[in-house]
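The two complexes that follow have chain A in common; it is paired with chain B in the first and with chain C in the second.
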Partner chain A sequence: MFDLLIAPFTEFEFMRRALAGTLALALGAGPIGVFLMLRRMSLVGDAMAHAILPGAAIGFLLSGLNLFAMTAGGLIAGFIVALLTGLVARTTELKEDAALATFYLLSLALGVTIVSIKGTNVDLLHVLFGNVLALDDQTLLLIAGNASISLLVIALIYRPLVIECVDPGFMRSVSRAGGPAHLAFLALVVINLVSGFHALGTLLAVGIMMLPAAIGRFWARDITLMIVIATVSGVLAGYVGLLLSFHTGIASGPAIILLAGVLYVVSLLFGRVGGLVRQLFPGRHLEA
Partner chain B sequence: MITRRKAIASTCTVLVPGVVLHLGAAYGQEAPVKAIATFSILADFVRNVGGDRVDVAALVGPNGNAHVYAPSPSDAKKVAGAKVVFVNGLGFEGWLDRLVKASASTAPVIVATKGIKPIERGDDHHEVHEPEHDHGRADPHAWQSVTNAKIYVANIRDALAALDPAGKAVYEGSADTYLAKLDALDREVRDVIARIPADRRRVITSHNAFGYFQSAYGIEFTAPQGVSTESEASAKDVAAIITQIRRDKAAAVFLENVTDPRLMRQIASETGAKVGGVLYSDALTDRSGDAPTYIALIRHNLKQLAAALIS
Partner chain C sequence: MGCALEFRNVTLGYDRHPAVHHLDGKIERGALVAVVGPNGAGKSTLFKGIVGVLKPLAGQIDLAGLSPHDIAYLPQAAEIDRTFPINLYDLVAMGLWRRTGVFGGIGRNERATIEQAIAAVGLTGFEDRAIGTLSGGQTQRMLFARLLLQDARIIVLDEPFNAVDAKTSADLFALLQRWHGEQRTVLTAMHDIDFVRTHFPETLLLAREPVAWGSTPVVLTPENLLVARRMCEAFDERAAECVEPAA
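Up next is the complex of A and B:
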C-alpha cells in the first residue's frame, strides 16, 4: 500500500513537485470554476485558454521556453481579450458570449499567423501541452503565487461575486461593485489558466477548473460547500492522476483530467443533488 | 515626329537582341541543377558536393523538427520545380511520399542512406517504456556516424554525376575534398573520445538520435522518450530514467534543440548528473548558431561531450 500510494513521492523529487503543482492549481482553480459554472460561463474558460495561447506562443517564439516571456505573453493576451469583451458587452448590443467569441477567435488567428510568419516549426506542442513532470522552482512559485492571489482576491470580492451569480439585477440596483468585481474575476480566470498551462498545457488547464466545479454541483446546494467539494475533488484527481501516470505509464496531464472525469461520472450518477440515480429513485430521499 | 509604331519598332530592335544575348549568356553558364533535400543536414552534404552547379533547398530548415514536420503547399511547389529530390530514407521522412505524389513531380528520389547498414531504433536493453516502439524498424539518424556521412556523400556524388554528366569531374573533385575533411573529422572524434575514461562514457539525451554515434564511437546514449519526439513522457518513463541514471551512474544529461528542455533539467537536478549543453541531432542551426554545417555540428557535439565527460 505504501509502495503504491506514497513511495513514488518519497523516492522521486519530480513527483513531489508535480503533486505540489497540481495541488496549488486545484486550490486556485476550484473556486473559480464554481463561479464560472454558476454564472453559466463554463465555456468561458475554454475560450480564454485559446485567447491566452497566442500570447504564450509569441513569448515562446521571442525567447524560447522562458517562463517570464510566456507568462507575460499569456497574461497580456488574456487580459486584452477579457477587457475588450467586458467593454463591448457593457457598451453595445452584443452579449458577452458573442463578444468573447469574436475576440478569442481573433486572438487565436493572430497568434497562429505570427507563428507561421516566424517560420520554424519548433515544437509548439510544448506550449500547447505543458509538462507537469518538469516543474522547476520558478514555475512552482508562479503557480503557488497565482493560487494565493486568486484565493485572496476571491475572499475580497466574494460577496459581490455571489450576489451577481444569484441575482445580477438586484446587484445592479444596490451597488456598482458588480462591474469591477466581474473584471477582477475575469482577470483571475486568466492568471489561473496561465499557471495551468505551465503545468498541464492550455487545453487541459481548463479541465482542472471546470470538471471539479461540475462535480461539486452534484453534491451541494450551498455555494461554500460546493467550492470545498470542487477543490477537494480537484486535489484528489491530481493526486490519483499522478499515481496513475506513475504506475501505468499514461501521460500525466491527461491522466489527471481523466481521473476528474471519472469522479464527474460517479457524481453524475450518484450525486446527492440532482444525480441521475436520485432522480430515478426519489422515494427514500423524500422519506428522510 | 515619332509615331507610335516607330517607337515600338525601335524599342524592339533594342530589346530583342538584348534578350537573345542574355539567354545565350545564361546558356553558356548553364543554370544550376535545382535540387531538394528533405532536411538541413542532407542539404549541407548536397551543397558541399554540388558547389555552384547545384542549387539546393531544404524542406525542413535549420532548427526544424523533421519528425513532426507538416509539408506546406509552397514545399510541394519547391518539389515540383526540382530536378532531383534527396531523402534520408530509413523511415525518417514519413511524409515525403505523399508530398512527392501531391506535387506531381517526376524528379528522381535519391535515398542518401543507400548502402548504410541500418541499426535498430530504440534501446531494447534498457527498461525504457516506449509507447510507439516498433521492433525491426531502422534508426534513421545514420548521419550521426561520420563513416556513414561519407556514404551519404558518395551517394549524392553518384546521383548528381548521373543527372548532370557534364559536371561529373566537378562533383568528383569536390566530393573528394569533402570526403578528406570527413576523414579528418572522424579521426578527431576518435581521438577526443579516447581521452574520456571508459566508465564515464554514459550519457542521457532527451531524444534518442545518437544510436549510430554510439555504435561507431562507443559513447552510450539513453533517452527518456523513445526514438521519436512525438510521444509525451509519462511519470513512469521519467521515474524509469531517473532510476536508470542512478543505477548506471550516467555521467551527464544533454539537452537538444528539438525537445522539452524543462524535463531534462528536472531529471538532472534530481540525479546530480551533469547537465551538458545542447547536442544537435536532426537539424543544423542557422548561420549565427553553433552548428551551421554538418562538420560544425559534429565538432560542437564532440566539444559538449568532452566538456561534460572529461573532468
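Up next is the complex of A and C:
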C-alpha cells in the first residue's frame, strides 16, 4: 500500500514537484472553475486557452523555451482578449460569448500568422501538452504564485462577484464594483490558464478548472460547499492521476484529467443533487 | 417638505426616439406616487432614467444630492439567475450592501436586521431554501425583504404586484405604506387602476407625454384615461427632430 500510494513521491523528486504543482494548480483552479460554470462561461476557459496560445508561441519564437517570455506572451495575449471582450460585452449589443469568440479567433489567427512569417518549424508540443513531470523551480514558483494570487483575489472580490452572478441588475443599482470584479475574475482565469499550460498544456489546462466544478455541482446546493468539493476533487484527481501515470506509464496530464473524468461520471450517476440515479429512483413522495 | 426628485424637461428613449417626452415636475419628499399608463407608455423607461441605467436624451433628473446608487430599485423583470446555488437568507442579505460594501462584515446586529426583514415579508422558516425552489409570490416577498434592508430614501418599484395573488399584494402594499409613513419617497408603476384609486394619494399618468400629474382623483378621470389609451405605441422611423423649445 505504501509502495503504491506514497513511495513514488518519497523516492522521486520529480514526482514531488509534480504533486506540488498539481495541488497548487487545483487549489487555484477550483473556485475559478465554479464561477465560470455558474456564469455559464464553461467554454470561455477553452476559448481563453486558445487566446493565450499565440502569445506563448510568440514568446517561444523570440526567446526559445524561456519560461518568462512564454508566460509574459501568454499573459499579455490573454489579458488583451479578456479586457476587449469585457469592454465590448459591457458597452455594445454583443454578448460576452460573441465578443470573446471574435477576439480569441483574431488572437489565434494573429499568432499563427506570426509563426508562419517566422517560418521556423518549432516544436510547440510543450505548449500544447505541457509536462507536469518536468517542472523546474521557476515554473513551480509561478504556479504556486498564481494559485496564491487567485485565492487571495477571489477572497477579495467574492461578494461583488457572487452578487454580479446572481443578480447583475441589483449589482448595477447599488454599486459600480460589478464591472471591475468581473474583469479581475477574467484576469484570474488567464493566470490560471497560464499555470495550467505549463503543467497540462493549453489543450488540457481547462480540464482542471471545469471538471471539478461540474463535480461540485452534483454534490452541493450552496456555492461555498460547491467550491470546497470542486477544489478537493481537483486535488484528488491530481494526486491519483500522478500515481496512475507513474505506475502505468500513461502521460501524466491526460491521466489527471481522465481521473477527474472518472470522478465526474461517478458524480453524474450518484450525485446527491440531480444525479441520474436519484432522478430515476427518487423514492416515494413526502407528506408535506 | 422639500422635493426628493425633480424632472427638468426630461426626455428619455432609445436610438433618439423618445419613450418619455418632455417630463417636467417635482416629487415631494415622502410622497407615495403611482405611475400609470398603457404598455409602452414609458413607465419602466422613466424608472431606468431615475436610477441612472439610462441617460436622458435631453433634460435633467435632479435627485436632490442623492446618487442613483442610493435608490432602491425593483425592476419589472429582475435579472435574477434562479439556478444560482444561493439561499434566500444570503440573497436578502445583499440588501445590506450600502452598509457593508465589499468587505464589511455581517455581525450580530446585521443578522438581526436580516431576520427582521425576512419576518416582515412573512418568509420566516424559508431562510435556507435555495432561491430556485421559491414560488413567484415568495420570490417577490424575498425581493421586498431585500428592499427593506436597503433602507433607501427613494424606492422605485416597477409593477411589483404583477403575477402576485391578492394576499401577497396586500402584504407587500403594507410595506409601501410603512415606507410612506417613514417619509420615504415611493414611486410605483401600476396597472390596476382601481387599486391606485383606493391606495395611492398621488398619480402620474404617462403616455409617452405626461398626460396628467397630481392628486389621484383629479388625474384618473375617464377623459385623461382615454387620452392615455390613444397613445400611438410605434415609433415613427422618419420622425423629424423635436424642436419644441425647452420649457
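Here is the rule we use: the second predicted complex is superposed on the first by the 283 of 288 C-alpha atoms of A that agree within 3 Å, B and C clash if a C-alpha of one lies under 4 Å from a C-alpha of the other, contacts with A are read in each partner's own complex, and residues count from 1 in each chain.
We adopt the following convention: contacts are C-beta pairs under 8 Å (C-beta built on N, C-alpha and C of every residue); 3 or more make two chains touch, one makes a residue touch a chain.
On a predicted model such as this, the values are computed, not experimentally measured, just so you know.
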Considering only touches as defined above, state whether A:R272 meets chain B (first), chain C (second), both or neither.
neither
Looking at A:L242, would you say it contacts chain B, chain C, both, or neither? Reply first, second, both or neither.
first
After lining up the shared chain so the two structures overlap, which partner does A:I250 touch, if you call chain B first and chain C second: first, second, both or neither?
first
If we overlay the two complexes on their shared chain A, which of chain B and chain C does A:R90 touch? Say first, second, both or neither.
neither
Please determine whether it is chain B or chain C that touches the greater number of chain A residues.
B
Contacts for A:A134 in the overlay, against chain B (first) and chain C (second): which applies, first, second, both or neither?
first
Once the structures are superposed on A, label A:E13 by its partner contacts, choosing first (chain B), second (chain C), both or neither.
first
Of chain A, residues touching chain B in the complex
8, 11-15, 17-18, 65, 119-123, 125-126, 129, 131, 133-136, 139, 242, 245-253, 255
Where on chain B is chain A touching in the complex?
60-65, 68-70, 129, 131, 229, 231-239, 242, 258-263, 265-267, 269-270
Considering the complex alone, what residue numbers of chain C touch chain A?
51, 53, 68-69, 71-73, 75, 78-81, 84-87, 91, 94, 97-98, 100-103, 130-131, 146, 150
Give the list of chain A residues in touch with chain C in this complex.
38, 156-157, 159-160, 162-163, 165-170, 172-177, 217, 220-223, 226
